[in-house]
Amino acid sequence: MTEIALFGAGRIGRIHAGNLSAQAGLRLRYVVDVNPAAAAELAAAHGAGAADVEQALADPTVAAVVIAASTATHAELISRAARAGKAIFCEKPVASDLDGAQACAEAVASAGVPCMIGFQRRFDPTFAALKRRLDVGEIGAPEVVVLTSRDPGPPPLDYLKQSGGVFKDMLIHDFDVCRWLVADEIVEIYATGACLSDGARAAGDLDTAAVTLRSRSGRLCTINTSRHAAYGYDQRIEVLGSAGMLQAGNHRPTEVTASLADAVRADVPEPFFLERYRRAYAIEMAHFAEVLAGRSQPTPSLNDGIRALELAELATRSWREGRVLSCAI
Amino acid sequence: MTEIALFGAGRIGRIHAGNLSAQAGLRLRYVVDVNPAAAAELAAAHGAGAADVEQALADPTVAAVVIAASTATHAELISRAARAGKAIFCEKPVASDLDGAQACAEAVASAGVPCMIGFQRRFDPTFAALKRRLDVGEIGAPEVVVLTSRDPGPPPLDYLKQSGGVFKDMLIHDFDVCRWLVADEIVEIYATGACLSDGARAAGDLDTAAVTLRSRSGRLCTINTSRHAAYGYDQRIEVLGSAGMLQAGNHRPTEVTASLADAVRADVPEPFFLERYRRAYAIEMAHFAEVLAGRSQPTPSLNDGIRALELAELATRSWREGRVLSCAI
Amino acid sequence: MTEIALFGAGRIGRIHAGNLSAQAGLRLRYVVDVNPAAAAELAAAHGAGAADVEQALADPTVAAVVIAASTATHAELISRAARAGKAIFCEKPVASDLDGAQACAEAVASAGVPCMIGFQRRFDPTFAALKRRLDVGEIGAPEVVVLTSRDPGPPPLDYLKQSGGVFKDMLIHDFDVCRWLVADEIVEIYATGACLSDGARAAGDLDTAAVTLRSRSGRLCTINTSRHAAYGYDQRIEVLGSAGMLQAGNHRPTEVTASLADAVRADVPEPFFLERYRRAYAIEMAHFAEVLAGRSQPTPSLNDGIRALELAELATRSWREGRVLSCAI
Amino acid sequence: MTEIALFGAGRIGRIHAGNLSAQAGLRLRYVVDVNPAAAAELAAAHGAGAADVEQALADPTVAAVVIAASTATHAELISRAARAGKAIFCEKPVASDLDGAQACAEAVASAGVPCMIGFQRRFDPTFAALKRRLDVGEIGAPEVVVLTSRDPGPPPLDYLKQSGGVFKDMLIHDFDVCRWLVADEIVEIYATGACLSDGARAAGDLDTAAVTLRSRSGRLCTINTSRHAAYGYDQRIEVLGSAGMLQAGNHRPTEVTASLADAVRADVPEPFFLERYRRAYAIEMAHFAEVLAGRSQPTPSLNDGIRALELAELATRSWREGRVLSCAI
């Protein structure tokens, strides 16, 4: 049994706790949270104990950590866990900014521990099947990637104000998917957008955006996003290749359609990420178990996490400065 | 130019007139109708003349007739046209009953003229593509055929009362499609149904029916029908074969979908047969032109028309007597 | 904690064991199987013990049984469990024949224990949503039900020979779904079919069948089935109502489509019942937990199980005798 | 009868000739082409005469011209037709460059004749339905427009070399659709792309491109294009609005699907613009007939043609200069 310490007992922490517990070979040992009651409750539900950071990292029986606490804590927790010799799974983003991420990378490199970043979309069965089929050449080389990434509704204003902006908070997943699918170095980025809602306006942020990325060999990726798609959580991928096109459509709660006098009606997509990516989260944790068992590489890697963060920062600058930016770094 | 006399200036007659006129090599010469004004108007629109039956059949420049008058007149018009040596296109059904149909068959055989029956569904691009793919073995041998055949709403009571019943009036098309796809001799038939509307009740008819047919080699066909599908004209074919399944879906007026808060909405099917089979009627007439030019066989043949009528009469008896009937004739 | 004894450690027994264990409030206490090693292994995986029937039923801490052993044992196990005062969940069919089922019903009635039959399709999210929408009147009253029920490939010949025939073995689920959706007394049934494969022939069974059922008020249901659909497990429902149509489509493993030079390709359906009804089995067991907690009725009931078995026997007779049968019993 | 002179007897000229002839109230009087034999043949097929430009414009019975000759001739023909007092229908683009287009605009304005530009996509039933539903507010205000516009294969190198580049030759239609749907002034444009094929490289052109446009009020439009979509002619529109999303999908030749062992296969889209927009061309000409009858405005107008050309030229510059351009003019 590999013992795990979980940092963060919120919504996403609870999902990881459940998936960890269901995983043969893994055992949840500690839950750590700034809210001790939340930690205790989640720990109890899985036969684990509540602890503070110090205690959890000091316990030599703990082989790995899962970091699902607030973004502001990621960088420090990664560095401390690395220094304590723990294997690391950390939710996106790696850090609030690139400097913090760079510091993590050094700590992880010098400790030589595996570190995997929680871009769960790569584990979604639909997206993973698309990627596999792309990799075996079903549509030839990728030429154009179109990502549609829309939330069903904006988060609360308090969240928006400290979110780091739509590119770092929401599109960071899409930047990772872009890199994963384009499979070539991104050399140019352009981002623009609009602020059509009161919340985003109050937070000085965008709620609607379009990003264009170009790779060294001329592959194009466009991402379009919105914080408020009235019909639900819209997560689609389209890849045009030299020999055809692969598309990943939305998942629906049921396969019922109703043919009525005015329209043929089908279900809207799964409501939000907890439902849409339920299986992705479980498969992701199974992959981390494989990493801990030495049977798989920690992918998406810490470097993947840093590159996505770079693109998010560049997109933010491109939008603010109103110009195309080179990504050569 | 092959000169044509058209019998019937009603809804379906006008469609044939338009398709005839658009056909290179055919020319509409006469329109005949019990309503002389209707005949004159349709004739004028296509540079033809109005005439009576005698006159049209007596004109030696007329090579062919298109019969789109009321069902009661079909048998006599076919026989007279055959005796006059004209090639014949006749709307379904061949006759009001099998005796009448048999008499036609003799007249046509002894005259040696081509005679084609207007089962236009065979010419629908979607249905024809399904048939072609079935014939080349894409799904192996057919094993189960499921036909869905539903009208958007019932005809007027006056029409219902003289229609000959749902099997002869409406399902005769489906019996032809069944024979065409099953491509084996039908040996057993069972029909049942219900009368759920006032109109059908007043006419002593069914408005909802299910028919099961079995062929000599064990191929099954089920047909389900309704006179009142609230969402429109529903015309689908499904063929299960030993190596897969072919399905022909409905045609929609547009390919627009709307994703709203409550549902993803697509168009209901084309409203009724004039829209759904517009292209089928044109292609059917082009096929008749090929027959007249000696380049194609008259298919569906008069015999096809008679066999479909037989099945419609057997279905009616099966329903009335509440039992399975053998089709051996 | 409610303690449960599970009879049967085969494929379906293992699914129930997993779902039981995941259910808050339920605890697997014993696993019973004719193969003691299989019982021991499954028991160990869930912290339960292996036992024989006697022992399991004699333990007063066991409040309920889950019967997933072979069909031949169902009737006796139900009766014995009832006499021992246990609540009962039993896989379909209730018994190998109606006499056996009737005996169970008496034992259950006189013991006054809850008894639920494992028609898991009623708990499938797609089918359950269709039923809910039908019940709230979204398409008015049901008029025509079309069930498509096809297996991806035939079972082994040994299984076929003792299966009781396609109607009892395979279509019993569809007879239950028919009764559930038609929601009216079935008064007439007609079944026909064909035997197109060597296996079915050797077993004296059908592998392709069509069944038509009519209810007292004139609602129609047709079921078409095959033991060998080349494209996978095909499980669809269509209900035509007075105000529209509801359809339940197949579930696919992923939502990927590929547009290639020759076709737009989508996934075939989930391969077989273990995948297609994975969620249905879990929800079914959660429902049984609700029954045990006294918060829900045992539905589908033992009576539902008996009525489906009656229809399966009538269908078998209708096919053998080649005639329409009345269901008045 | 309104008499029409047609300039251009090529592929698109023949389509307009057919649609003109089918239009009640219009009569094709002259066909003019640099190839007199082509003009004579097309004229003969429609009961018209061949003529030269002078002769056609000098005939006072000719009320209108349809210009479908090569792009290089558009500007001069528009100006001459305007000075001759003829109503004008001209294929896109208005002219090879903006100066030429501006000169046309002056000639048309001073002559006071109606002038309509052949952006036929506005008349496509699917696109027109989407626009109508957008206009009645079904999805609220438009926020994001995504246009997918891909050709099945590149034109010959000779054509490519004189085409004016992908933005003017191919995307000019999409710039018009963008303006039509965004319904707000475009203020910013960014275009990038790649050249992945030998032909485009030899022509110094792009074959893959992504364009982003932003309107004054913050509406975004992205266009992605390719000269070589292996699966056919891909023409889709997606509009995200404040209350939902409208999508216009591709049209398929048939509605057949095949479920085989490896995939469920549907038809690829209609092969190219002649098939995809067949009905659009007919409805467009019917609209021109309405304009000639004084019952409709000439829409898309000459100004629409000029604005689309402006966007095409700006896109070309944006790509060449690698920067975002303001559209304020």
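Letters A, B, C and D mark the chains in the order given here, with residues in each chain numbered from 1 onward.
Criterion: contacts are C-beta pairs under 8 Å (C-beta built on N, C-alpha and C of every residue); 3 or more make two chains touch, one makes a residue touch a chain.
Here the structure is a predicted model, which is why all the values come from computation and not from measurement.
Comparing chain pairs C-D and A-D, the larger number of C-beta contacts belongs to A-D. Across the assembly, the mean Cα position most removed from that of subunit A is the one of B. A separation of 58 Å divides the Cα centre of subunit C from that of subunit D. Here the CA centre of subunit A is 42 Å from the CA centre of subunit D.
Annotation for subunit A: residues touching 2 or more other chains are 139, 230-231, 234, 243-245, 258-261.
Residue ranges on subunit C touching subunit B, taken from their complex, read 139-140, 143-144, 146, 148, 150, 188, 190, 192-196, 208-210, 212, 214, 217-220, 222, 224, 226, 228-231, 234, 240-245, 322-324.
Considering their complex, residues 125-126, 129-130, 133, 138-139, 243-251, 253-261 of subunit A touch subunit C. Residue ranges of subunit D in contact with subunit C, taken from their complex: 230-232, 234, 258-268.
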